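Each of the next two complexes has subunit A plus one other chain: subunit B in the first, subunit C in the second.
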Partner chain A sequence: MTSAPEFTAEIFQNEYLASGAREVSAVVSVTSAGAVTTAGADTASSAEIIIVDCSGSMAAPMAKLIQAREATAAAIDVIRDGTAFAVVAGALRAWPIYPANGSMAIANATSRADAKRAVKRLGAHDGTAIGQWLQAARQLFLTRQDDLRHAILLTDGQNAHESAAQLDDAIQTCTGVFTCDCRGVGTDWEVAELRKISTALLGTVDIVPDPAGLTADFEALMTASMAKQVADVRLRVWTPQHTTVRYVKQVAPAVEDLTGMRKHVTELAGDYPTGAWGPAESRDYHVCVDVQPAAVGQEMLAARVSLVQDSDAGSQTLAQGLIKAIWSDDERMSTRINRHVAHYTGQAELAQAIQDGLEARTAGDDTTAADRLGRAVEIARESGNEASAKLLAKVVDVDPVTGTVRLKPKVAAADEMALDTRSTKTVRVKK
Partner chain B sequence: MATPSSPTCAACGAVAEFADKFCEACGAAFADHRHVDLGGLAGVTDTGHRHDRNEDAMALTVAQTPTGVASIAVVCDGVSTSERPDEASHTAAGAAAESMAAALRAGVAGEEALRQAVLAADAAVRGLAGDSDNAPATTIVAGVVSADQISVCWIGDSRAYWLPAIDAPSALLLTRDDSLAEELVSVGVLTEAEAYASQHAHVVTRWLGADADSPEPHIVSVRPSTPGFLLLCSDGLWNYQPDPEGLHRLALPAALTDLGAAADALLTFALDSGGQDNTTVVLAAAPPVPRDTPDPGGNT
Partner chain C sequence: MARCPAGHDSAAADYCDLCGLRMGGPPAADQTDLGLERAPSAPGPPCPRCGTPGLARFCESCGYSEESAPPSESPVTSEEPPPEASVATADPVAPARRTGWTAVVTASRSHYESVMAAVGPDAPDIPFPDDCPERTFALSGSQLRIGRRSVSREVAPDIDLTGPPADPGISRLHAILIAQPDGTWAIVDPGSANGTSVNGVEIETGEQVPLRNHDTIGLGAWTSIAIVGQLSDEEERSS
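Take a look at the complex of A and B:
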């Protein structure tokens, strides 16, 4: 048994502003400590649902379905004893594969073996209506009251058999109920669609171009989920009167804009969801607010950022950091750029440049595409984001002498999708 | 130190908590320097250069009395050797101003309103003591300026001066310190110069608080024949310039056009002279400036 990890929040900012300036930017670095083993401590209960695409296309080629069965079985093997779990098949609608009666099983050697047997019978028919799958998972999760609820969603195609509005509705009803990691196998699915789900449900999105890669990926996802100990952690941002929050973004390990997910707490405070946390995790957030400028020499609290979690005893503050503003006439103070803020501003621009570039490329606007992707290459190189640099190199050619960026005439769909899905992945500030 | 005990924010005026030393309403840093300007009544208080916190407090407000408007000003200087002197001074200043405003509105005459106010302040400071054997203590000087009279009462060594609008030589010290220095001078043991040079000069002999003898204050009233200003200050100012004429030169002519600037000028003088102690300066125009909106509330 393990107890909840301890959290720390560290603020990185230049608190000095020029006279009259109002924008205050800071990076909040949140870290959970390594797990503390304490026998008998109360631990969070968890529930897992694996949602497997069983639409007709999964059988073309058959390798997708076969690998999906194996990957699901591998993930089931990772589920810890005592965890509630279920496997759901999805096509035009969703139906339970295990347990067959539409409940959730409790993991042990017997139930895991039963589940793996059931998964072998997964077939492939009909079309794709992902909203239905999400709704089914939600209903299953809500038969219980587990603290941590997590799903893995696998698809190989576009959400062709329901409207975008239907999917949006489903995403909305599932928001806050469970977190969801989305995987697309092959290249016939749509990145934007799965990203919409993973963003709202605080999970990740990625491409598994070759079905043979599914097993390792599912195992890794389930292992990471099993490590989570603290559910529903929120970033509470308090700002003084006459202050507006420009944005709150997660910036590491990947860029996720949380601004629109704010939930009202008080007139001056709102909560942004961060999902579940395991031990020894570190995530960075970029908070940007506009304050009412005060006179030179004055100091103010621009925002108080707390990590909060609801417990039986009410709302609990796990860690806290203060974002300040001090107005100064000294330009050397006010023009100093904080390394963390600058770095993550660059990483966010990198992600945006990649997405803009790919969008322009799809639209046939090669000039814009080359310009934006060229900028991305530049930032990736400067900031040491080698993963993005490598992915970019599969889509553009960079002249080693002039640095001029040209779109590759032929790009594999998988490479383009990999660049798209992973464009938001950031690197940490260099030490 | 616990959370600063001031109930109001200098920047936004909100009655607010100061968690993390910032106002929970507007975010302003809790300032050990505060400036209040109610027009015709202005004050400033500052930690000075040598102290970590400001144990002085001031309260400024305006009351509509049955016979016209009256300016109310209070300056308190927490006794450093007592426990929680900052809490004592803030509590006393707030309680005195509140009591005075209520009494004056109800038609109580200036001197009696002052007496009641000091009793109220004393009771409030006594209430802070608990079972402490070094009860919180503070000096107090309070003034009320009405159309035809200025009344001042005090306990301790915070002072009141009359600064006429033009005629510098007729500037007056209105109070007499309850201090060891003053007592030694009055019985002829030391000259004034010797007394204030001694390290005991600032030992106050009377104060407000649970271990004080009697809260009966000294009271004095004047009916000035010319317009002018009532100056209340803590020893952080008068240490550097006790002379009424000298203070007059520092405050005027600025006070004629901008009372807040004049209060700031007096503070700047104290800080430039060394700023050894917390310094509080309040200036009230006499007669008071008429106003449409009663009780703007500048209680800090």
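Take a look at the complex of A and C:
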């Protein structure tokens, strides 16, 4: 008996191309059915590790460490009975907090209480080497064979005590082993660093500017993770010969470029990771390929997009959608842009404009910054992305009459970092 | 294993698992698309003779036509000697009356100019050939395929316009000449990429258009085929 959700894949595209055109763009909307999990029916086993920054800076102010302890305890409370779990402290190296012997515990009332007691003793000293923390979590996960492996990583500082290459190596060895949501508390950490981890490990990244917000955030993260039922779902993209995949991006709920994560399957097919899925989830992907043009009137399959999962019986296809190309001389057909494709093209541009604008602002290039952030304001308004519009309003002023965008002379670091981390959040197409 | 329009064996039944073409769709064309307005034609049933997925009223692969081919007739095959001698072989069962008709292939400046004008400024850069020797094909048999030789599919059309000079606007199976019961000929365009005209008028896909002495068929970018009957002027007038 399985409670694994069923999946559907829906394709949104204009399949008509002008004579000689080769670029085919489509949005693949993947939805899992809202199946209700019946207790004990789970077939997928799961493991959770909470990685808490215990470097010296966590004690300055002490509120960070105190809130981190409480948030970790709150997350432990959410862990379902039967789930393997551990708490790891990280500084220059990583060490086990619970269980103290470096194994993973199985969640029940007793182990949760023991873990919370252990977390109260979390101290703060030394520097930060996040690669070490990730490696430690990986080793712990690999002591078992759970289907779903998820970590929460909390830090308050930059990865100052190891090289970027060391962190990259660690990220690479952890890719595909577990997924990781990253949280930065305060404003002394580096958005790009945590984004690199969360992107590769198929998780989210966000800022928790005030330590007091940590508990609610950790609870929400653990609750979302507990809802996951299907692990390691991949988007398999088959394309005909002489076709180039331009990009495969997740575009909702947030922009994540998966293009570089392709894993070879056959000469014509590759897999892109989507991570774990729970019931009633919906994510959109933008697939763009260049095909070899055929004659007007001909129809070609530009890509066969399947959602696959490995099972004991081999690769299992959970859902499938077809991206087509039909060459037409009718310009009314070929020039039309699909609403979904247009919307998500805009959302991806919005994310890029925000990141470019903030980068230019940091580099002191105010002209470029105002230009890019101005474009972001425009797209956010047009597409109804109010969350991004609100975050932008804390960084730029828009003249209500002329529409001219000016950088605010004074911007709180937390506001700038929030805009950066959340720049990739998208809104869905209006129905 | 099904075979896709481009000739690949495909395990997938909906779209070719190598090139992605829709199974049962029109055959892949390798000629240059001139960008002329052509209404896409609806796919038809598979050819009853050779099983090739159909397009219009004519099999794209062997040229079989339900209306024109007597059911017992032997298929027009590619085993026929290639028309290197510029003259199609006479079909032994053909009525003697038909042997007098010929097709004279030339490069037509006026056809070229009208095509380029119709395509407009986006026309592909296709020059008018400097030197195009006149080629004459005797018309015989029940039907003759006009097109370009396909190396991959090993199909030589009866009226082989491969060249040189090569007209890039000609499909592999561009049009078919069909013998009429009265000894005259008709032409059908089974769905070529760039279309066919008779005396400068574009003909409909799948429509059988009767030809008269001295009618001119325009196809591709510059190819012109004059149909010359050997009937006396009197016969021509009275028919």
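Miscellaneous remarks
Methods note: the second predicted complex is superposed on the first by the 422 of 431 C-alpha atoms of A that agree within 3 Å, B and C clash if a C-alpha of one lies under 4 Å from a C-alpha of the other, contacts with A are read in each partner's own complex, and residues count from 1 in each chain.
One rule holds for everything that comes next: a contact is a pair of C-beta atoms (placed from the backbone, for glycine too) under 8 Å apart; a residue touches a chain by one contact, two chains touch by 3 or more.
Bear in mind that the values here come from a model prediction, so they are computed numbers and not experimental data.
Overlaying the two complexes via subunit A brings subunit B and subunit C into a clash.
Taking subunit A as the reference chain, the count of touched residues is higher for C when subunit B and subunit C are set side by side.
In the superposition on chain A, A:322 makes contact with both subunit B and subunit C. Contact with neither subunit B nor subunit C is seen for A:366 once the two complexes are overlaid on the shared chain. Legend: residue contacts after superposition of the two complexes on their common chain; A:386 is shown touching neither subunit B nor subunit C. Contacts of A:239 after superposition: both subunit B and subunit C are touched. Once the two complexes are overlaid on the shared chain, A:19 sits against subunit C while remaining clear of subunit B. Applying the stated contact rule after C-alpha superposition, one finds that A:296 touches subunit C and leaves subunit B untouched. Residue overlap on subunit A between the subunit B contacts of one complex and the subunit C contacts of the other covers 239-243, 268, 291-292, 294, 298-302, 304, 322. Subunit A contributes residues 239-243, 268, 291-292, 294, 298-302, 304, 322 to its touches with subunit B in the complex. Against subunit A, in their complex, subunit C makes its touches with residues 5, 14-22, 25-26, 28-29, 31, 33, 35-38, 40-41, 191, 193.
Those residues of subunit A that touch subunit C in the complex are listed here as 19-20, 238-243, 268, 291-292, 294-302, 304, 322, 325, 327-329.
Partner subunit A is touched in their complex by these residues of subunit B: 11-12, 20, 22-29.
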